[in-house]
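I've put the structures underneath this note.
Look at the two complexes coming up: chain A is in both, with chain B in one and chain C in the other.
== the complex of A and B ==
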C-alpha cells in the first residue's frame, strides 16, 4: 500500500523539480556568469571577482545605488510609521467601512503603470520639480499599504486585554504603548519595514516616471534598465547578483520575523 | 490613522481622479491639454491601428495567463500533496523569486535566449550547426518572460484553496466509484476555481499593462497596452489618450475581479453543500 502511494506521488515530485528548475535555472546561470573571469556569456574561463571590482569603480552605478538607498530608507521610515499607526487605528476601532478597506487595498493591486502616470500628471500639473523627493512621496503610497497589512495581521491575534490590564495597574497610555503594545508588535513592524525596503529598492516603473529629467535622480533599477537595453555585460550580471542577494536577504529576514510572531 | 489616509488620498486618489478627468479632455495641437470635454480618446481605441495592438496584447497576455495557470496549478497541487512540514518551505522557495527585481528576472532570460546564449549553445552541443535560431525578440520570448515573472503569484493563489480542501471530499467521491480523473474534474477543480481565477486575473492584468517585458524580450516589436500608455506619456505626448488607456486597464481589472468574486461566492456555496453531503454520506 505504502509502495503504491509512493509510486503515485512520483509525478508530483517531477512537477516540483521541473517548476523549481524553471524558476531557479535562469537566476543560477546569471549568478554563475557574474563570477566568470572571461566575461563571455557562454565560455567558462575561471572564477573571478573582477566584475564586482569594476562595479565598485563605476561612478554612475555607485551614485544610482546611493540614490536607491536614500529613497528606500526615507520611504521605508515614513511608511513604517504611517502604516503602523494606520493599522493600529483600524484594528482598535474594529468597525470600519468597505471604502476604507478598498483605499488600503488599492495601492497593492493597482497596476504600477497607472499609479506612475497618475503621479507624473499630478506632479507636473502642480509644477512640482521632480527628483528623489517625488520618488519617495510615490513609494510611501504602496509601502505604507504593505506595512499596514503586515502589522494588521499581527494585531488580529493581539490580546487587547493585556492593554487593559496595564492601564488598570496604573500605567499611562504612553507607558502602556511603550512597554506592552510596542514589544508585541515590534517583530511585525520590522517585518513590514523590511518588506517595504525590498519593494522600494526593486521598484522601477513608478520611480522611472516620477524621477524627473536628468541623471541626478537615477535609481539603481533605472540604471539597470538602461544598461540592459544596451546589451549583456558581465557588470550587469554582478550588479544583478548583488541586488538579488540584498532583496532575498531582507525578505528572508522579514519572513522569519513574521513567523516568530505568528500564533 | 489620519496622516496615512491623507497621504493615500493626496498621492493616490487625487492623482487617479486627475487621470480619469484627463481622459475626457482633448489633446492640444502642440501636445499639452485642451480643456474641452470629449469622448474621442475612448473612440481612438477603436481605430484599426490601436484595435490591432489591443487584440495582440490581449492574445499575448491571454496565452501567458493560460500557461501560467496550468503550470502554477500543477505546482500548487504538488506542494499541497507534499508532506505537511515541507509545504511552507516549498511555498517560500516558489515565491522567493517573485520578490527579487523584476528587471533582473527578465534580464536573466536575455542571457539565456540571445543568439550566443546558453540555449543556442545547448543546441550546438546536440549537433545543430546551422544559423542560430532567433529566440530572443519573439512573441514566445515575451510570453516566457511574463509566465516566468508571474508564476509565483499563481502558485500562491492556487495553493490556498488546495490546502484548505477537505480530503474527505475526494475520498467520498472515490468511494462512490468516481475515477481519479472524474474526482479531480468534478470535485477538486470546481472547489479551487476561485484561486485559479484570482491568479489568472492578476497575471492577465499585469501582463496586458506591462511595458518592460515587451520592450526587453520583444525588442519593441510587440506592443502591449502598457507600451501604448508609456508612449503617450513619454514620447507621443498625448496625455488624454494615455489616460483613457490606463482607465481602460483599471476597468478591465475591476470587471475581471468582479467576475472572480462571483466565482468565489458560487464555489463557497458549492463547498458548503458538498461538505454537508459528505457529512451525511
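== the complex of A and C ==
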C-alpha cells in the first residue's frame, strides 16, 4: 500500500525535478563556464580562475563595479533612513495611513520600464543633468518602498507599550527612539537595507534610462549588457557569478535577520 | 491608614474621545501610602482614568492635583508617577538589570547611586538570579516582578498598576496579591491599581472605587462596599447577591408574589416605587430559627460542591432566579441535602439591603 502511494507520487517528483532543473541548470552552467580554462562554451578544458583575473584587469568593468557600489550604497542609505521613518509614520498614524500605504507600494508594483520612463521624463523636464546622482535618486524611489515594507512587517508585531513605558520612565521622545524603538527595530532595518542593496546592485532598466549620455555613469548590469553585444564571454560569466554570490549573501543575511526579529 | 493626608486629588476629571465620554466627572481623593483600587467592568473607563493619571491622555476637563499642584499639563516623562503596564512592556533588547536601571539613568543620577538602588530593588523583588536574563527568558510571574521593580525603583509618588495580575494563572495570582501588598507596605508608595476582578480589589485594596460607564458609583473601604453597596449595580458587581424585586414599603420590599421582605429602605425612597431587596448568600440561613423574620420555603434545584462549602440553588416564590445559599461542609455533613428536597430559608432584617430598581 505504501509502495503504491510512493509509485503514484513518482510523476510529481519528476515534474518537481524538471521545474528546478529549468530554474537552476542555466545558472549552474554559467557558474561552471566561468571556471572553464578555454573560452569555448561547448568544451570543458579544465578548471581555471583566469577569467576572474582578466576581470580584475579590465578598467571598464572595474569602473562600472565602482559605480554600482556607489549607487547601491548611497541609494540604500537614503532609502533605509526614509523608508524606516515612513514605516514608523504610517504605523503610528494608522487611521490616516491607508492612502499613504497604497501609494508607497506603487513603485514595487509598477513595471520597471514604466517607472524608468517616468523618471527619465521627470529628470528631463527639470533639466537635470543625468549621471550617477540621478540613478541614485531613481533607485531610492523603489528601494524606499521595499525598506518600508520590511520595517512595517516588523512593526505589525511591535509592542508600542514599550515606547510609552520609556516615556513613563522619564525618557524624552528622542531618547526613546535612540534607546528603545531603534534597537528593537534594528534587525528589520538592516534586513530592509540588505534587500535594497541587492535590488540596486542588479537593477538594469531604470539605471539604463536615468544614467544619461556617456560612459561615465555606466553600472555593472549596463556594462554586462554592452559586453554581451559582442557575444557571451567567460569574463561575463565570471562577473555574473560574482554579482550572484553577492546578491545571495546579502539576501540570506537579510532573511536570517528578519527571522531573528520575529517574536 | 495612620496618615489620612490626601496625596492625589482627582477633581471632576473627564475624558472624551470624540463623542464618547470615557471618564465622566470623576472626583476621588487618594491618600498618602494607600493601596487604592479602581474597579469596574471592561469599558467602564478605569484604564482611561489610569492613563490620564500617567499622562498619556490629557483630561478633557477637571484638575489633577498632586500634593496640591496641578499636574494635568506635565508630560508623562516628567511626572513623579509611574505606570506598570498590563503587558509589562519590558524592553526586549535589555537584560532585567538594564530594564530596571533605565528609569534611573533617565534621571541622570550618579552611576554608583543607580547601581546601589538597582541592586536594592533586585533584592527586594527577589530577582538576583535573573538579573542578566532577557525578558523572553522569563515566566509571566517573573516578568511581572521585573515590571514592578522597574517602576518602583524610581520611587514615584504614585505607582499606577494596570491589571497587574491579569496575565497570571489563578494560583500564582493569589500569591502575587499578597506579594504586592507586602511590597507596597515595604516601599511605602501609594498604589493605584486598576482591575476588573472584584475579588482582587477586595483582597488588596485599602479603599476602592467602583466605576461604570465612566462615572464613579461608590468609593469606600472594601468592607463598606461589600456590606453597604451604593446601588444595585455595585451590589451585583461585588461578590454574589440574591435579589428579590418588588415595590418599596415602609419596612421593606413587597415582592411580586405579595410577600414582605423586611429591611430598612434607604431614606427618601417613596412607597410603592419599584425596588429590589438583596441579601448575601452567606447571610441566608438554611432551616432558620423561629425569630428570623424573613423566611420562605423553596426547593433545591442545583448543588455545587466547592470543597470548603456547598452552594445550594433554591427556587423560592420571592424571585425568578434561584436563591444562592452557602452551607459549610460541616453543616452539610450533619444534615445531607439533595436536589429536589424542600427546604426553608431565612435571614434577618438587618441583612436585607434595599435599592431602587
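Everything below uses one rule, namely that the second predicted complex is superposed on the first by the 249 of 263 C-alpha atoms of A that agree within 3 Å, B and C clash if a C-alpha of one lies under 4 Å from a C-alpha of the other, contacts with A are read in each partner's own complex, and residues count from 1 in each chain.
Assume contacts are C-beta pairs under 8 Å (C-beta built on N, C-alpha and C of every residue); 3 or more make two chains touch, one makes a residue touch a chain.
No experiment lies behind these values; they were computed from the predicted model shown.
Visitor: Would you sort A:159 into first (chain B), second (chain C), both or neither based on which partner it touches?
Guide: It touches chain C, and chain B stays clear.
Visitor: Touching A:74, do we find chain B (first), chain C (second), both, or neither?
Guide: Touch status of A:74: no partner.
Visitor: Applying the touch criterion given at the start, work out whether A:183 contacts chain B, chain C, both or neither, answering first, second, both or neither.
Guide: A:183: touches chain C, not chain B.
Visitor: Based on the superposed arrangement, let me know which partner A:172 touches: chain B (first), chain C (second), both, or neither?
Guide: second
Visitor: Name the chain, either chain B or chain C, that contacts more residues of chain A.
Guide: Touching more of chain A: B.
Visitor: Same chain A residues contacting chain B and chain C, which ones?
Guide: In chain A, nothing is touched by chain B and also by chain C.
Visitor: List the residues on chain B that touch chain A in their complex, please.
Guide: Per the stated touch rule, the residues are 1, 3-5, 7-9, 11-16, 18-19, 22, 71, 74-75, 77-79, 81-82, 90, 92-94, 96-97, 99-112, 114, 116-118, 121, 148, 151-152, 155, 202, 205-206, 209-212, 215-216, 226, 229-230, 233-234, 239, 242-243, 246, 249-250, 253.
Visitor: Flag every residue of chain A that touches chain B in the complex, lowest number first.
Guide: Per the stated touch rule, the residues are 9, 12-13, 15-16, 19-20, 22-24, 26-27, 29-30, 33, 41-42, 82-83, 85-86, 88-90, 100, 103-104, 106-107, 109-115, 117-122, 125, 137-138, 140-141, 144-145, 148, 198, 201-202, 204-205, 209, 221, 224-225, 228-229, 232, 236-237, 240, 243-244, 247-248, 251-252, 255.
Visitor: Okay, in this complex, where on chain A does chain C touch?
Guide: Residues 159, 161-162, 164-172, 175, 179-180, 183-184, 263.
Visitor: Taking the touch rule as given, give the residues of chain C at its contact with chain A in the complex, in rising order.
Guide: Residues 54-56, 75-78, 82-83, 85, 87, 89-93, 102-103, 106-107, 136, 150-151, 154.
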